[in-house]
């Protein structure tokens, strides 16, 4: 069975396994004070091309979202998110568990609607009763979004400007950031993100690592005593080297970008496989997640030979499913898919 | 200046002040173990007309919502609410502070749309990923709603049935319950509510008391060690008698219902005052809150002589404002309003 | 049955009931924006004799402790308390519920041992691993303590100095503050407290009010958006006037101090009643709580005619019990007690 | 520099790295639903020698403590721990962050004093005011303790009995469990622990893994919806295989026990190195952590060639330091240490 189910169903990029093996017998201090973390942080800063960045490593995406949001918000504040945002729908209430509200904004294709954001903020501060309400303290976006879509540089700039006007933080969830940066249809660079956002993270789990997300604070705004806050949330890894080695490897010789490019190339081929066979897409995604509408009978047959994710019901007879490529997807995977598609139709 | 700004801008019903005075020199055990609380609980049960009810007194509405919700939900659960629900918009994130998510449902005139509720629940349990999501553990409604509207008995019955089908609790916020029960356009009785809901409260703060809400658990479902949970949330009143005496008074000789009726009678007269002068209503409210659309120039002039609440902008030239009557509104207040309206137009 | 069980078993001082009655028909804005709160705040500042104080009213003691502590601490911080501190033992975990640790310090007669405090702080900051530990962010003391004892001015000054040296807040729980200030054996004034502490509160619940505590921030250090933080914790009283009127009354014509003096005078007489009959005291308390050691047989007989509180087992044959006087204790109460003591021995 | 600083300063056991490499290209479902986790669970159950165990994998120790404690306690409950317990001192307040109190008990050499535990529980339930207090809902112990000491089977049995008598859970933190089980001075087996405790965990991070702890619920008492609770706490690893593969390897061919034995053998040799040179021990530890008292001058010279952990000041001239052996300690390490000791004295 070939797998397009998700971008975290493989192990790690072989180079990571190799480095884990090579460095294994070395002793290193715990809790992120090792030389691998240090080196990885430097390389990440170099890849971004900016100084004065503060980089910290955490284990997973939900954990990172909860820690960043809860340590950056004030007591009276909450976070604004697209209704479809990962923090709003798929994190089991992890943000609320920290005592902060996620306020939904209307969205389209996974992206916050900028006029909605503007309206929300201006209405909020115009409301005489707003001291009884949760103050907006942060805007959360993901890039790519849950639907694989991307903000344009203009959109990001605009959201960033709004946030600064109101004095609130802009946080970009980059769990799949590589796949966004390497999209053929983006004008947003890593440096742009570092300039426009107050904090963001570079996802490792879905882009070649066994685990790990690299959080970047862009304005010397890392919360004070951040290590204690991480510990308090049960997220401080004793062997921080595991994260350091992985990100050091990913940011050596451009690996992170190259493997991200592989996912995009494969996604474009996959798109073409479906498009040429007259399948319809639920959404036009320029990244590694592709949302295809399948007749239920086709879906059933296809599902016997290929794994993919159920997304949602489209209508009585058809269903939206997701095919995800990744750093690990091969030409052979796509060749097999092509053959199976021919069989199935 | 005559006041229609809210239903909690007066002191208490004079009978309550009298009883506080009469009982003042009596000593009584603390934390709700006094004879006044006991008597009040009995009278409330009698007013409801059901046995086996568990009644507890708390100080205020947001406090009650947070305590009821957080003690009744399991760790993996959240609460469903109309987008306009008080817990979702106007409690400063008090529910999220307890670690539980408030999930918004579409609404109309402050009421949950029943098909939306059904759809949400059936979609949730159909979703293969629902273990990554906050499980719906409770439906929160208010009656009257934020917009003064009321559920019909048929609607309440239907929501109750849905909740039982899915094994989740139905919680009715009755901060203004008296004004709902005495509405001329309701077919819902206090007993109906006790039969259809798992837990609800009878608001005192907005219906004649200085403070206080009476929570009623209808199925022997009061959370275990509830007193400790109240203490843990900083909500245990040392002199519980203050709540006991007030509710004992409100439920003696039908006082709660009579003063609620006064608010309704006055609201109907107020409605007529505006209607006969061709003012438009934003919503058709059968309770004590009336939402009138005022030309901005009229609003300004009126605001010099009458206090009311700003609600929201209607269009460039006009605004929605709220007039609230209460147990304390008098014929004189309405007569003055009538005269002022004539002046202002 | 005459009652010495606690200092919150009576209603309110009659003057408070009178003022509630007199002001009852007045309308007033909600949430503490009323003229009574304003007036009360001014009078409290005058009584303290300092400018630039920020005063806020809350409903009860545990609520106040939880709100002050959780809004003043940073994420990585906890609060230091005597092992016997109210927040450590008798608040159902209300502080921990806000996500902050209470760290116990050794105590004597309810008072923090100053050398212990010093040692704790110097050890903490000397520990290389202290980033893995909860940082001390506040010292909590109560005055009087749980055992009715008082800090001397020298002790308070010393604790205050230590706190400033380490940059942490000093918070004084004054649930029974009046009884401390009017003790015949204290050299600590209200002004001293305002100068030495960063925040403290003047208890109303146990000193003549139905409910209410007046929090005083002494260095323009009221947490930002404090009203929203109060709301978020379910503690914002809609009819804030209830607190304003009570504190306005207590701080008119010296009432708070006069009724506190009554409790002290009665406590001194009570002490004498026991002392002259050769009863032993568990502790030497200069305030309104007296801890007497009773033979179990005496305790039983006495308990039939007088109410008091069980404190702890002293030995096989005797028990420590607490007699509390209050603003409401009368000469007649003591005369009766004297007679009963004679009967019982 | 040879390292005895801690037992988590090395990479993983080489066999784990090998397995990660061998299985790397395999695809596997996320979130612990992979075949490696399943196999690891089976092998762990077999190693314990009991049926009906529920095993779950988490990433780190503090995380595991916080999740187990917060999902097993009721709202009104807290956890009892030795004053020196890891959860009480070195987890940055992670337990309190979940809203539950850690109550300190007196200890000796890191172990709860059983009479203290008994007294605490009997006093608590005798206290008439205990509804105002945090109820003891769980006893937390670690084995080995923070001081490397071990409970005897008799002690464990006794604590277990007390817990059952009071209906509270017994939770054993086994972050270093291997080193406890393989101690030459223990009579406690893995099966004993499974029989006496309600929940415990088998530490991976400090016993050969890169990360990972295996939680074992022994009475079908895994909290409902545990996966959602893990997600809610940001602790659900997307690539659960990382934990599955490691524990599968550790529990294949007895590896976990063999490498634990290595640490013990090396610790015994290390003890002898110091003992034969007349060094004094701070505590008599039968496991892999050895606490030696060093003259400050010796400490300084030794510290230039060997890394160890500062523990605490012993007196003006000497200091307690910790030497930890591990699965990775070699004969060569000890030979070097021996030579360095000779140089230094």
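By written order: A, B, C and D. Residues from 1 in each chain.
In the analysis below, contacts are C-beta pairs under 8 Å (C-beta built on N, C-alpha and C of every residue); 3 or more make two chains touch, one makes a residue touch a chain.
Computed from a prediction, not measured in an experiment: that's the story for all the values here.
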Smallest number of contact steps required from chain B to reach chain D
1
Separation of the C-alpha centres, chain C versus chain D, in whole Å, is 42
Find the geometric centre of each of chain A and chain C from their Cα atoms only, then give the gap between the two centres in Å, rounded to an integer.
51
Centre distance in Å when chain B and chain C are each reduced to the mean of their C-alpha atoms
34
For chain C, what residues touch not just one other chain but two or more?
76, 91-93, 97, 99, 131-134, 228-229, 231-232, 236
Classify the chain contact graph as line, ring, star, complete or other.
complete
In the complex, the residues of chain B that touch chain A are 76, 78, 89-93, 96-97, 99-102, 104, 128-129, 131-134, 310
Enumerate the contact residues on chain C facing chain B in the complex.
3, 5-6, 8-12, 14, 17, 20-21, 23-30, 59-67, 91-94, 97, 205-206, 210-211, 228-229, 231-239, 241-242
Residue set of chain B touching chain D in the complex reads 70-71, 74-76, 99, 131-135, 223-225, 227-229, 231-232, 236
